[in-house]
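Structure in C-alpha cells, see below.
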C-alpha cells in the first residue's frame, strides 16, 4: 500500500484508509457513487410502496421470533398454562403453544400482536400503493411487468395472511379453514383431489397446520422475497415515474439524490413503520385467541369473519345466490365455486392484465414516464372507481352481520342491499367519477383561459359588475389566456401564484417570524401591496420560462 | 525489496498501475482530483452519473437562531426516543424483579394487564421518535437540493452487439441443423421435468376410496351422546330445545362431519312439520336430528330460532327451516341439511338407525354419484 | 301491557292506554311514527310512576289480609297482571292470538327473566324484545312470579352461588351451545330478519340462568336434564369471568375480531402512515 499512501488525494484519516483498502479489494466505489447519486422523485405518494416493503421487514423479524415458540402440530394436548378459563381443555399443540407464547413468554403477546398488525399494515399499504399506481397510470409501458409482479405479490400477501392467521388453530381461524376446505371441494372435476392433496385426506386431518406453517414461514416468504428483489431491480433499472411539472420530462427524473436526503427519509420511514406496528401491537389487542377458544368442528361463533383483506371473498360468498349447477351424469358445480374461485380469479386476472387491456382499448403503445392526473384520464379513473365500489360492497357485506347487529338492521335486508348494490352501485360510481373528472378538467381549462378568480368585483362604466380574473400568462386580443394545459396542477388561488402573502413555512407550527416574512416580501415587491397594483403575471412557471423544478408535485408559486 | 519479492508472480502486483481502463480516469489524473474541493468532486461524480444538481437551498446558517432551534428540537426528539427505549427495557426486564410480575392471570387488571400495552407503547414511541428525528434532521438541517437525472432509452448499440453474440453462438452451435440433438434435448427436458416434480405424487390421495366424504361415524345402533360422552333419553330435552350430539365412537366428539343437532320440536312445530318427501319417518316422536355441518361451506350451523323454526349459519347467513326438512329458505346454501334417522334403543337412549342417507357438508363435483 | 291489535291500529298508544292516561294517548296519536317511540317511553315512565304510587298505597293493606287459597303475593301479582299484562297474555294467562303467548306453565323463572330485564312489558311489537330498565320493582316482580307460578307451575328460580361451576368446562359448553348466537365473548349476534341474540354485557347471573332454563323468545330451552344446574353454573362462571377480565393486549376494540381490527388498520394505521409520509414530503 505504499503507493496509495503517497499518491495525491490519498486518504489521510484512518476511516479513509480503511475505505480505500476496501475499494482496492472490492472495486466498489463506482457502484456506490452511482447508487448514491440516483435521483428519487420527492412526492409523498412514492413512499406508499416503501411502507409495504418496510412492514415486510418488520414481519420477517417478528415472525422469526414467533417461530422460536410456536409448535405447528395438531397433536391433542390438555392445556396446563396460565390462562385459567382454558386449563384442562383438550386442544391442538399449535393452539397450546400460541397460548403459551401469549401468556407464558415475556413479551410474547406483544410480539404476536406486533406481527399481526404489521401483517394488516402490509396488505393495506400494498392496496394503497396499487391504487396510486393505477390512478396515475404508472403501470403503462414500460412498467407492465412490474405491475404484474405487484399483483402477484398482492395475491401472495393474501395467501401469507390466510396461512398465517390459520396457524393458531383457534375457533375463529378453524372456521375459516373449514370454509377454505369447502372452497377447494367446490372446484369442478378436480376439487376433491385438490382437497385431499392439500389436507392429506378429508377435512380436517392432522396435516394442515404443519403444511400451512411451512408455506407461511418458508415457501411464500421466499417467493415474495425473490419477487420483491425483482420488483426493485426493475424499478431501479427503469427509474421512477414522476408527476408532470416544471423541468420534468419523459427523459429525466427530478428529485433528491439517494444520499443523503432520500436515504435519511427512507430510514426515518423504516422506523415510523416499525414504530406504528409496535405501538398498535402494544396498545390495541388483536386476535385475542384465548377468547376464541380451541377449534372444534362442531363449534362456531356468530360474527366469524376473516381478516379484512379476505373480507371481500366472504362478502361475495354471502351475496351469491344458491345456484348449484346440476350437470348431466349427476355431476354438480356447487354454488360456492362462483363467488370464491371464479369471482376472485376473475378480479385478480383482470387486475394483472389491466395494462394490456388498457393498451388494447386506447391503442397507446408508447413508453410513458410522466404520470397522469386522474382527472385527465376520466375513463380509467371511472373504471377504477367502479371496481373499487364493487370491491367495497363485497367487503362491507363480509361484515354485514356485525353491521346488522350494531345498527339494528335486518340481516336479510343487508344481504339484499349487498346483492342489489354490487350490481347497481358500480355503474353509478362510474358515471359520477367520470362527471367529476370532466368537471375538474373543465375548471382547469377555464382558469387557464380566463385566469384566477380574484374576488375583486369591479363596476364598469355601463353599470355592469364583473369579477376581475388574473390571467396566468400572456393573453390574446380577447383577453383569453394562451397557456396550454400541461398535465400539472393549475393554480386556482391568488396565493398560489404569489398574489397574496407567502404562506409562513412550517408544518406543525410556524418556523419563520411572520414580521420578517412581511419585510422580505415588501423588499421583493410581492404580497398584497404589490398585488394591488396593476401588475400582470406573465409566466406560468413552466420549465421553458424558468420555473423552479422542485415543487414536489404540489402547486407552487411561479416566478414572475 | 526483500527476498519474497523475487518469487514469480509476487513482484509489484496489481499495485503497480496497469494500463488505464479508459473513462474518467483518463480525463482526470489523481493530482487533478486531489486539487478539487469536495463540492466540485461531488458534482463531477454526479454529472458523470447523468445527474445535474439544479438548485441547492442551503441549510440554516451555522449559529443562526433557526439552526439552534432545530438542533435543540432534534436533540430533544432523539433523547426522548432513548428515554422511551430505556423505559421499555426497564419495564420488560424489571417486571417480576423490582416491579410487579408481568404474568397476567384472569382476575388481574393491574400491572400485568398493562405490561404489554406499556412495553408496546414505549417501544413504538421510541421507534416513531427516531423516525421523526431523522426526518426532522433531513428537513431542517440538511441542504435541500434538487437534482435531475437523465433517463436513457435502450441503447441500439448494446442491443445490436449483445444480440450478435447470442445469435452467432446459436449459429455456431448448429442446433438448427443437428436435429437429433434438439430432439433428444426436448425428450430429456420433458423426462427430467417430470422426474423433478414426480415426488409431489406423494401428496395425491384418492378421495373416492372408501368414500370418506360421503360417510360419517354414524351407523346403525350408534348412540347419540353429548360432548362429554353421556347418552340422551327422550325425556332429557324440553320442547323448543337443541342439543349438539356426537356419535358414541372414539373421537366422535372431534369428528369433522359427525356433529348433529338433536332438536325437540314444540307442539306447534310438530303440527307444522313438513318433512322432505320420502324422509317423513326419520325422526322420533317430536325429535328430529339434522347434520350441524352447513351444506354450503361447512360451518357448524346452529343459530336455532325456536319460535321461527329457523337455523342460521353464522358464516354466510344461509337459513334453514327445521319444519320443512331443514330446507334452505334464504342465503347461499342450496341443499337441505341432511337428516339423521334416529330411534331409541332397548335401554331407552337415542341411537342412529343408519348413517346419513346422503353426504353431509359442502357440495362437491361428484357428490350425487356416490 | 302491550300493543293493540296490529291489524286495526298502529301499535301506538300501548303503554299509555293500558294505564288510561288520556294525555299520553292524545299526545301520542298526533305524532309521527318516529315520535311514537318517545311516546312509548314516556308512557312507560308514567306507568312506572303510577304503579309505584299505587303500590305504595296498597302495600300495607295487603300485609293485613293474607290467608286465603290465594296468598297475598299472588293477589298482588294478579292485580299487577290485570293492569299491565292482560291485554296481550289474556284474562287467565291463556294468551291472545297474534299478541302474546299463554303464560300457563312458563314458570316464575320465565317471569323473572322477562320482567327483570325490562323486556316485558313490551314497548311495541317488533322482531326482538329490547332490554330496558325494569318497569317493576323487585317486590312487584316477586308478586308477578308468584301469580304465574301458581298457575301451571314451571321452572323455578335457582338458589345458591350461581357461579359455582368449573370455568374450563363452562367455556367448552358456552362455545358449543351459546357462542353460535351470542358470540365467543357474549357480544351477541344477528339472527334472521332483524332478530338478534342480545349482548350479554348487562346480563346478571340470574338473568343468564333463567334464560337458559326458559328459552325466552327465539332462544332454545336448555332444560335441567340437558344442561344440568352445575353445568349452567359453569357456563355462568365462564361468561361472567371473561366479561370481567381485562384485555392484556391493550384496547379490546369491542372484542369482535377482524371487523374492528380492519377498521383500526385503515383509520389509524394507514391514517398515521399517510400523515407521516405527507409530512416527510413537505418542505421545512
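Each chain gets a letter, A, B and C, in the order it is written, and its residues are counted from 1.
Note that in this section contacts are C-beta pairs under 8 Å (C-beta built on N, C-alpha and C of every residue); 3 or more make two chains touch, one makes a residue touch a chain.
Everything quoted here is computed from the prediction, not taken from an experiment.
Across B-C and A-C, the chain pair carrying more C-beta contacts is A-C. Taking the mean Cα position of each chain as its centre, C sits at the greatest distance from chain B. Rounded to a whole number, the gap between the C-alpha centres of chain A and chain B is 17 angstrom. For this pair, chain B with chain C, the centres built from the Cα atoms lie 41 Å apart. Mean C-alpha position of chain A lies 46 Å from that of chain C.
Each of the following residues of chain B touches two or more other chains: 104, 106, 116-117, 120, 131, 135, 140, 144, 227, 244, 300, 302-303, 312, 314, 317, 319, 330.
Of all residues in chain C, those that touch two or more other chains are 172, 176, 180-181, 189, 191-192, 197, 241, 247-250, 276, 279-280, 283-284. The multi-chain contact residues of chain A, meaning those touching 2 or more other chains, are 84-85, 103, 109, 113, 265, 268-269, 272, 276, 280, 282-283, 296, 298-303, 401, 411-412, 511.
If you check the complex, the residues on chain A that touch chain B are 1-4, 7-9, 33-34, 37-39, 76, 82-85, 103-104, 106-107, 109-110, 113-114, 175, 178-179, 181-183, 185-193, 195-198, 200-204, 239, 247, 250-257, 260-261, 264-265, 267-272, 274-283, 296-304, 314, 317-324, 326, 329-336, 339, 367, 369, 400-401, 411-412, 415, 511, 548-550.
On chain C, the positions that touch chain B within their shared complex are 172-173, 176-177, 180-181, 189, 191-192, 195, 197, 215, 217-223, 225-226, 241, 245-250, 276, 279-280, 283-284.
Residues 104, 106-109, 112-113, 115-117, 120, 131, 135, 139-140, 144, 227, 233, 235-244, 300, 302-308, 310, 312, 314, 317, 319, 330 of chain B are the ones that touch chain C when the two sit in their complex.
The residues of chain A lying in touch with chain C in their complex are 42-45, 47-48, 51, 84-89, 102-103, 109, 113, 117, 120-121, 124-125, 128, 171-172, 265, 268-269, 272-273, 276, 280, 282-288, 291-293, 296, 298-303, 305-308, 311, 399, 401-402, 404-405, 408-413, 505-507, 511, 552.
By the touch criterion given at the top, residues 127, 167-168, 170-172, 175-176, 179-185, 187-194, 196-197, 238, 241-242, 247-253, 255-259, 261-262, 264-266, 268-270, 272-274, 276-284 of chain C touch chain A in their complex.
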